[in-house]
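So the structure is just underneath, and the comments pick up after that.
Lettered A, B, C and D in written order, each chain numbered from 1.
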Amino acid sequence: MSQAATLEPIEPSAPLEDSKRDNDVPFVTKILRTLFSPSTVTVFFAIISALVIGALIVVFFDPKVQATMGYLFARPEDFFAEAWRAFSGFFTSLVRGSIFDWNQDSLAGAFRPLTETFVRATPLIIAGLAIAVSFTAGLFNIGVQGQLIFGAIFGGFIGFFWDLPPVIHVLVAVIGAIAGGALWGFIPGILKAKLGANEVIVTIMLNSIAAYFLAALLNTYTFHGDGFAGKSRIMGPNAQLPLILGPSYRMHLGVIIAILACVLVWWLLERSTFGFELRAAGANPEAAKTAGINVNRTLMLTLVISGALAGLAATGPTLGTEKALTAGIAGSIGFDAITVALLGKSKPIGVFFAGLLFGALNAGGALMQASASIPVDIVQITQAIVVLMIAGSEAVRYMRQKRRRELATTRKVEETPVAAPKEVGA
Amino acid sequence: MKLELQGITKVFGPLVANDQIDLVVEPGQIHALLGENGAGKSTLMNVLYGIYQPDAGRILIDGEPVTFNGPGQAVAAGIGMVHQHFMLVPVFTVAESVALGYEPTDAGIINKKKAAEKVKELSARFGFDLNPDAVIEDLPVGVQQRVEIIKALSRDAKVLILDEPTAVLTPQETDELIAIMKELKASGTSIVFITHKLREIRAVADTITVIRRGKVVGEATPDASEKELAALMVGRPVDLGVAKEEKAPGATVLAFDDVTVIEDNGQVVLDHVSFDVRAGEILCIAGVQGNGQTELCEAILGSTRPTGGHVTIDGHDLTDSTIKHRLRQGLGYVPEDRAKDGMIASFSVAENMILDVYDQPPFATGISMHPQAVIENAEKLRKIFDVRVTSVLDPISTLSGGNQQKAILARELSRPIKTLVAAQPTRGLDVGSIEFVHQSIVEQRDSGTAVLVVSTELDEVEALADRIAVMYRGRIVGIVPPDTPRDILGLMMAGVPYDEARTAGKEVRS
Amino acid sequence: MSAQVTTSENQVVEGIRLPVQWRDPVVAAVMLILTLVIAVMARGESRISFADISGWFEGGIWVISAPIAVWTMTVLSVVGTVIIWLRALARKHINGWWLALVSVALVVSFLVWVVSDRPTAILPVVSLLAGGLMFAVPLGFGALAGIVNERSGVINIAIEGQLLVGAFAGAVVGSAFGSPWMGLIGAPLAGMALGAILAWFAITFRTDNIVVGVVLNMLALGLTSFLFSTMLKNSQHLNQNLKLPILPIPVLSDIPIIGPVVFRQNILVYLMFVVVIVMQFMLFNSRWGLRLRASGEKPQAADTVGINVNRIRWHNVLLGGALAGLGGAFFTVGSGLSFSKDMAAGNGFIALAAMILGRWNPTGALAAALLFGLATNLGGVMQAVGAPIPAEYLLMIPYLVTILAVAGFVGAVRPPAAEGKPYP
Amino acid sequence: AAPEKEAPASGADQSGSQSGAAAPTTGENIKACVVSDEGGFEDRSFNQSAHEGLLRAESELGVEIAQAESGSPDDFDPNIQNMVQENCDLIIGVGFMLQDAMIAAAQANPDIKFALVDSTFVKEEGDKAPENARALVFNTAEASYLAGYASAAMSKTGKVGAYVGMKLPTTAIFNDGFADGVKAYNEAKGTSVELLGWDKDKQDGMIVGDFSNQQKGKELTEQLFQQGADIVMPVAGQAGLGTLAAAKEKEGSMVVWVDADGAEAQPESAAVILTSVMKEIDNAVFDTIQSVLEGTFDSTDYIGTLANGGVGLAPWHDFESQVPAELNEEISALQEKIISGEIKVETTNQP
């Protein structure tokens, strides 16, 4: 009722928000335009500088570099040699681990890192989409981790317990995973819709419950069979996601699924009536309600869809790479996906590239520790710095633009003559 | 205290909101600022109050140039401001709201007694009835307005800026405010008074400055006619009345049968309300804000569920049906609070124009939407309803309030409707926009739609109504013809039944 | 001139009655049914230990008949439930204590049942509560940090990270100086450092608060793990087991139950209680609190009376960081443990939940933290007495309890209106 | 358990290793690499032990090394693959979780030697392990049997406790042996010392839920104390540090540490560590590296037992004076009987 509470001054568009949508331009032009837009360039430089910072941290804590620091002034060349070794080791192993490994004998082997990047990006992208969907509806689904675990439980169970013909088995397992995730998303959804329970609390709690539930299941005979407790039986051969580049690469069908999921989520958010409802409910639930949208139902469905995507994300490790359930099957995908979604600004295309970036850093980090003895935690640090650099540079760019615009208009105003002619009313 | 603004210029990006504005406020004077929406009045006052820094120009107090780096300095210099959009914290008490920023404290702990006394003392002085412990969000807007005024006065303001304080007040409240303004003026306070209501200006102003597109376009004296003022403001002649022919209404379309709404906290907000609206008729709901009009509209829309009674549209009992179902049954709905309920700020103008038909052809088949149809629709409506917008793909938040309201009207009037509910359809709009909105509503009525208008503006009620229903404390006090004298309506709005009010009114007049 | 009519209790508006509020009666009924089920299952004797209950007398171990105890509780539960139902059907206000009675009856029945009919199982009253408090301390600090941040308008998802760097700095600074007390200086500073990054991005750069928070968690986890693997691994002396001394408070520490649980603790525990009480008072009675809340609810209102909103936000984000950092110190110097990777173990997120569950009030958040801590410890007690439920399910108890609390008792909550919105 | 033959030099036999260090027989240097399980190399448990073995090989044998921590099971494959790419001569995986990945890698890379801690290379009964792979497994139950017996004897309250980080065969085996040891003591002495926190028949008991939460480890220990236990064996990696902290706060309580000799690894807690159930992963890793260096590597499984010193009970250290000579003798006798096969310690979790 209070007018005061509602007529807020218009916020200047947030620095992280996308620029205007335009529908008339051809697709390629659009891609090129985004590729070379100021914001893409900023992002590129932000990533590079974040990597440099990561490398400097490595240099600083490198034991050999520290050793040379002891006699820095006596023999500075030692220090610089070691520092350069550590610094370049960071970059070479990053590239060798994520894109191209020139140390390999065969070209096929040399390109394996690139496929690794895609494999690692797959669950991150799909789980990132799960977060993005919930964000778009104004929900913070911290529970993707738990939903992923439930997807793994359902999909994995179908994969190792049932015995179905080829194609059908993997299909049923994937659907099972989706259903498992959706079920775990349904709980916070229904609690929010019916009882107003805050989804942040509920999903945080459901994460832990899911993890313990999986641990309990892994101690049952049904799950571990004749093997040891703690690790489930192996997925049936028909339930595994097929390897799309042959057995020498881990690249499995999940990569294609991730791309399809991006397209599907884009369509869902931007082109479907449900997406319209979801975006409306996220942007202004009151107005959405007034427009006849059932906001509670929309939010509930959003959590279900978000959970379903999380469940789908579980198929990567469960049916693609791991092929068995363990307590750690979900890793920290559900949490890393939050960063991926935020870095991708909750847009499918953004999530895709953010997922690739994180996948590449993960793959590179793995080789980094193997070849340069750099603790793998540097990957996390670098990922965090990447996002901070991007956020920071965008903020700076936004402020500078604003100032430039203001300066330009001020100058124009000052040039106009001072006289202000006055009409006089009766 | 004499206040002078010289050559004040303020730009927002490409927009020059204030362009070399000069203004002099003499001590003990009520200086009215007049101008259409977006003319730059609030911006000018925000510059004066230290919220914005001017890009050019200067402020002088008693001939001395001053600069305000923030509102704190303006307040210290004796300037008080009641903002167009309330600057109150909804969860604070009245005493806390008044104290904020100038808290009486003992070692950092607020002396609540002192804060409450201050409120009591000031409300006693101006005849307000304010409970220092009441929480702001529970108060009707009229009372919130008083808190704002007390807040400004509690700092001993020598110059008081009132930015559209009457937009949410009832006639009676407006009269009280005008009395207070006169009292303040008598005690030497200067007042800058901003309003769109020409009648009020003529009632209190000593000087009038008219602003258009950021520039001072003229000055006037209170004896100028409303027509002249309006023309000066808009830059063209304005038709203040609404051309409306008598028409025989058709069958009942919208009906309330004994509807009662009780809120969860036990408040009875609608108390056995019955009325009907017939095709080709405008029923206006008059009344002081907060007497159940909001809930009445919500009960029609279905966002509030009646505890008892029935709501029917076109013969269908819709008491328990969903909002969507009602909208499909031909309900057009212009909500009272457009920013909150009527539009989605971050959505494009085009999307906002299909907000409640997004899943209907031609905008969607099944669950697949057709963006091209959405854009075409927007382009069409933009022309018909004269919505001023650079691109229909821009977020609607970049439009001025008047244009936002037009976009909402366009949406509701462009789909097939049998009944139109419009709550406060012209709140905060300038005369030009009001003219347009009123015309659209009357056209809708003429095409055979049953129209229900809720308004706290008696001017608007008189201009539009075929019948007037007066609400008081959740009840309909009476339904009266449109030519009922204002004083009788006023009494009814205070809860006096029609018959008694008529006798009382006659006594007064005789 | 209020235009709305407040009806008196149980008002009948000419035949129309107020809708019945079903949440409390349903919750009470469910709890009663659970109590009944326990009563039916209860067999044999239960041993309840009141050891260390008070400095004034020996508590010893009490052996009670489980069925008698549980049926007594059931009777109480029935009384409470009936009253709740009668009042609900009469549309009268239901005093929260009735629901509390029913809940307590359920919890007590459950505890008695857990140790019943098992001659070696003991229900340790004091350690059940004291252990619960131990789990609650970092949650309490984290939730307090969240409260000052969010009430001033900045969403802080980075509590987890702040706890973690607090734990790290507590151990490392304490070890470097050879005193756990120095850890109490290092920890809040580390939390503040993370808070400063949060403030810089969220306030000054206007970055999405959740983005910064999530990233800071990542950064904190990455950095502490990296330093643990590089710096601390080679210099173990920088990561020792240091413990803040227990400082029993004379007289108070002898009060039965409360004494040993609350007043025989280290400084961090006392500090948490003090901060809760002081903050609860200050939020609603001091200039600091008023301005803080104004910044988080309606920054424009604060700005127009000359309050520098962003300065207030900066200060309180730093204050929050310091509080969370202190909470982190509880993991290391507060518990006599050395730092290890990912030591916060999700406590920051649970603190966030406690803050919401407590409706952004210090006392409410403390209650939520205690609820969670007690439920966690209850799971531990049940494991120790060998309850016939797989341990993984017992570990779920605190999480299930929290979901029940938010769904059954709390419902929708309203965050500060302007949280997460940059100003201007 | 498979019969043991030709076990490499036992860990207890330090001098043997040392002498090998002095003279690498095959002139060429090798690269030895370790891939951890989840938990990383600072887990105060098997990953850390394996890593220490690797580091010792680097410093004493001068071999090149590389290491990779796995954050999740999804890292196993790529980490092993990276090690292959890094031209490792020997790749050691830590933990039975790596079994599948290690078998696949061993089969795909016959030129590289593989070793797997805590698991065999045999997935199903009847499969043949690859020629280039050796399992490094430990019959920990034998050592924890002794610890259980000693604890039962040392307990003043007649109750001892144990808990695990998570229920896995490699943790449960400690508890199974411990439980049998307690039972043996009861049978021998007619006492009824109780083991809290583990039920061997049900294979269920107290768990932390992970291997890192020290606070929870501390609280679980306190609850065991409350139930009357005065000796607790945490089989929970880092979380076990919580038990040490709890024991230091409780007069008269003791801890049985696992994996390494706790009194040496955590000297500041030596005062509460009664003994440790040692699982000499580091020695096994070191010896395996040495065997590759010397060209004596073969695919025979290495099974750590009391007999070959691969597992054992640590010295009493601070408790030397408190342990009755009689008990010392009994333990020695039991050890002999187990080595001779007179006593069979059996559990379903045996490798």
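By our rule, a contact is a pair of C-beta atoms (placed from the backbone, for glycine too) under 8 Å apart; a residue touches a chain by one contact, two chains touch by 3 or more.
Just so it is clear, the model here is predicted, and its values are computed rather than measured.
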item	value
Neighbouring chains shared between chain B and chain D, ordered by label	A, C
Most remote chain, CA-based centroid, reference being chain B	D
Chain pair with the higher count of C-beta pairs in contact (A-D, A-B)	A-B
Centroid spacing, where centroids are CA-atom means, of chain B and chain C in whole angstrom	45
Separation of mean Cα positions, chain D and chain A [Å, integer]	38
Centre-to-centre distance between chain C and chain A (centres being mean Cα positions), rounded to whole Å	31
Overlap residues in chain B, where contacts from two or more other chains coincide	85, 87-88, 90, 140, 289-290
Of all residues in chain C, the ones touching two or more other chains	229, 300, 390, 392, 395, 417
Multi-chain contact residues (two or more partners), chain A	5, 8-9, 212, 215, 219, 375
Which pairs of chains touch, using the document's own definition	A-B, A-C, A-D, B-C, C-D
Chain A residues within the chain C interface of the complex	5, 8-9, 11, 14-16, 57, 61, 63, 140, 142, 191, 195-198, 200-202, 204-209, 212-213, 215-216, 219, 335-336, 338-339, 342, 375, 377-385, 387-388, 391-392, 394-396, 398
Chain A partner contacts - residues on chain C that touch it in the complex	23, 197, 201, 205-208, 210-212, 214-219, 221-223, 225-227, 229-231, 234, 300, 346, 349-350, 352-353, 356-357, 390, 392-393, 395-396, 399-400, 402-403, 406-408, 410-413, 417, 421-422
Residue ranges of chain D in contact with chain C within the complex	40-42, 159, 161, 163, 167, 194, 196-197, 199, 204-207, 209-210, 212-216, 218-220, 222-224, 226-228, 238, 241-242, 244-245, 248-249, 268-269
Chain D residues touching chain A - in the complex, by the definition given at the top	33, 38, 66-69, 71-75, 77-79, 81-83, 85-86, 96-97, 100, 124, 166-169, 172, 203-204, 209, 349
Chain B-facing residues of chain C, complex	1-7, 9, 11, 13-16, 18-19, 21, 91, 282, 285-288, 290-291, 293-294, 297-298, 300-308, 417
